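Okay, so here's the structure we're looking at.
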């Protein structure tokens, strides 16, 4: 069992789990021909080119749908690719992932994962958008070239065949916008955006339709490696982040005398 | 039935529904003595001093827990006060409120509502904090004096008896921070913060413990009236904000030819 | 002399001054043929279709370069179009405008105004971008359809001939992104972004190259009218926003005793 | 000459220059007794406890006021302490620092540096606040405990004697709020806030009045070391960030034909 690294760039690798839905690649011959070992494997292979990233893959078909507390406890950054079966993810799996993000696990959500239960629960918005599957050209522009997720990239790069996603993309106003996409058919889109939820850093990255070889693209792989390094937690995870501690009056930092009417007894837990 | 106003400040009033949990004020003699008609009534009375605000109250004990689509359909801004019974709100009630916010209904969340199912679902975070019920002094500072929610307020105002809330308050980074609180016992807190979720504007305001007469305070009432005006939607609500329309290639804005392999038939709905 | 309105949507009109550089329209025959009365006049005419907006135009050739304290004192929202002569604006004119924005005057910066001294001073960044003058097609997408600045607009609209602006646009992370642009030549751009500086609200809107009839476009005019309403200050301006008042110990809100060594005498002004 | 590090946490140290005004510590006996070697030296000594940080000090009295291009060219992160002589900094020094931040140099602004010409130019706001020099108690709360700048800190820490700063602090809405301060006299303040300007990361940290031993405090030193690591640039600096390149039509990414009237010749530089 690997231990948690102390700092990105330190001698400990970033333990990265790639979650794959793993349905289309088994059931659809086109997807199977592009990703014979599954999208999750191709994504993990791209990440592994960075020796500071230690990868593992899990799928929806695994025990606990690949989202057991044991797996998440050894995950610094979770990468999520799902599409056809968002509705099959159990309440327990969603809660496990969300709670772990809140404690500090990084999360990279890919492409159709915008509609995953996990991403929607963390955003608190519909996460809807327009789409078109026409194999058109996508050009991705770097908006924030000094951002760690844009490190080593050209000013723009092209994916010759991609699915189109169009605005409005109903996410909250992002913390940072790193990439914009231009599409051949006339749309523009916020393609790389960051958020923080609890102690966890979240990056959404748009490309990655399963019928195209997007995850073999060198620039896409660079983005994902950068994103994993960016999202990795620093310091210890905050396991008790959902707690709401009662600080009794006699433990106040400044001396105060309790006064007035009260609902709670000293040291009582609050309502939830 | 009142029709929706076209613009804040226009001749149509802002239809504002105050949702009250309405338990402590019936079961606890202290709360009953402070708010004999319920907190929701006191809150609504403060709002009604603005003739541009048309108020109604609902409670957890009402049909559909006060959150029916019919009620929400005639609500421009919803004000939420709950504490003891967050866990009793049904999944359906939460979904009704969240969907309506996404479509554009404004939402004002008060005090212990930080832990309501509605607020947590919209934030995507734990919304946890520290607390102490000691009747101590709270001083609220205006951080953004030109913000519409701070209109007409002094640079700071005091609530002589309040419950303390302490940081870290595990919300997402706010769109705007309007107020900070200082507490006698040594804590500071982000007491007035804004967010947008879907088309809906959200304001969280910290004070309002049920054993103190906070909702009779003139400054608090001013904040709430300002907040209702700020949160009121402009223009039409976006009823279909959760839709993800497929834009087929022949309807693309720029002429493109469909190419490459595809999963979907023309005009097919996407996976969710 | 008109008095300041109390609220957007109230009975007082929003006093809006359109500042025009007014050089190309006099010196260049192409620009003169498109905007025979100057760009500022065309912009003001579009605004005046809203009877709640009271317009005035000033130009670089006016006394005090159109930026006198007297003019600004009667301006609720300033609209800025400049291009060729950014460097000619005096330090005093820049300071007058910046100070007035800080006090609460709204500011709408158009197109090549990204490089105006006024906008750069308020952003604190280079405000650089890529550009191409090829008369290509621009399609502007609404990203935040419930935003007041997007009111009444279609999901996207086209300007058949425009100058291209490309990313990275080196502005600070915006408070809100309202519009994105798609360009025929392959670029995407953050075309409508909001900021607050001091008490003043700022909106940057990309289109408006002087050789094209952009300011006669109905959708562009709608954006500008919306933006003026959005940027108009609520309540009184904060004239003393640059002050840093010394609050002596005996005036502290909580009783404290002055202690320890000190640099300043009681009531002394601070260093600047 | 040290070379630039490739990554925080890598084997290259972060070259950190501490800029000190160095007046009060020579002219005022109280300050001289607290900081006999100058505030800059005490600050640098605290940073040097991290062996990954390589420190140097410069002062206002140095050639080019300590802000020469040569010094900045070998600085990854600049730490700024000034108070009495903000007005003495030359236009050239301000421009040198601002340009270097835009290119990617990190900047940590301390205490009274809120009113430095450098900070105001980068914020684009008045940066005003309230103040009181009474040696009162300040308690600093961690608002974002997973932020790299809060690493290793307790939930709050106390500075027994500090100058008070009160809201409104007229900065732009921060990218992130990391710390809040509570003051004995009744104020609350946003004490640790982050920004990005161009490619440069900026952190403002409130404490540090020159008559108190703040920079010897272990927690304050920890904050500053964390901040330097956080602000250090990743990858290469962007020297040409102020350029606005003309991309002629024949170099467009998508084939377009130049059309319509134009102001500029092919390849011409734009107006500034």
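A, B, C and D label the chains in the order they appear, each numbered from 1.
We adopt the following convention: contacts are C-beta pairs under 8 Å (C-beta built on N, C-alpha and C of every residue); 3 or more make two chains touch, one makes a residue touch a chain.
Predicted model only: the values in this text are computed from it and were never measured.
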item: Most remote chain, CA-based centroid, reference being chain B; value: D
item: Centre-of-Cα separation between chain C and chain B, whole angstrom; value: 31
item: Gap in Å, rounded to a whole number, between the CA centres of chain C and chain A; value: 36
item: Chain C-chain D separation of Cα centroids, rounded to whole Å; value: 27
item: Sites on chain B at which at least two other chains make contact; value: 139, 144-145, 156, 166, 173, 175-176, 184, 186-187, 196, 198, 253-254
item: Arrangement of touching chains [line / ring / star / complete / other]; value: complete
item: Chain C-facing residues of chain A, complex; value: 139, 141-145, 155-156, 166-169, 173, 175-177, 180-183, 186-190
item: Interface residues, chain B side, partner chain A - complex; value: 24, 28, 30-31, 83-87, 98, 102, 112, 115, 121-126, 128-136, 161, 164, 166, 170, 172-173, 175, 184-187, 195-198, 210-212, 241-249, 252-254, 256-264, 270-272
item: List of chain B residues in touch with chain C within their complex; value: 7-10, 104, 139, 144-146, 148, 151-152, 156, 158, 175-176, 184, 196, 198-200, 233-235, 238, 253-254
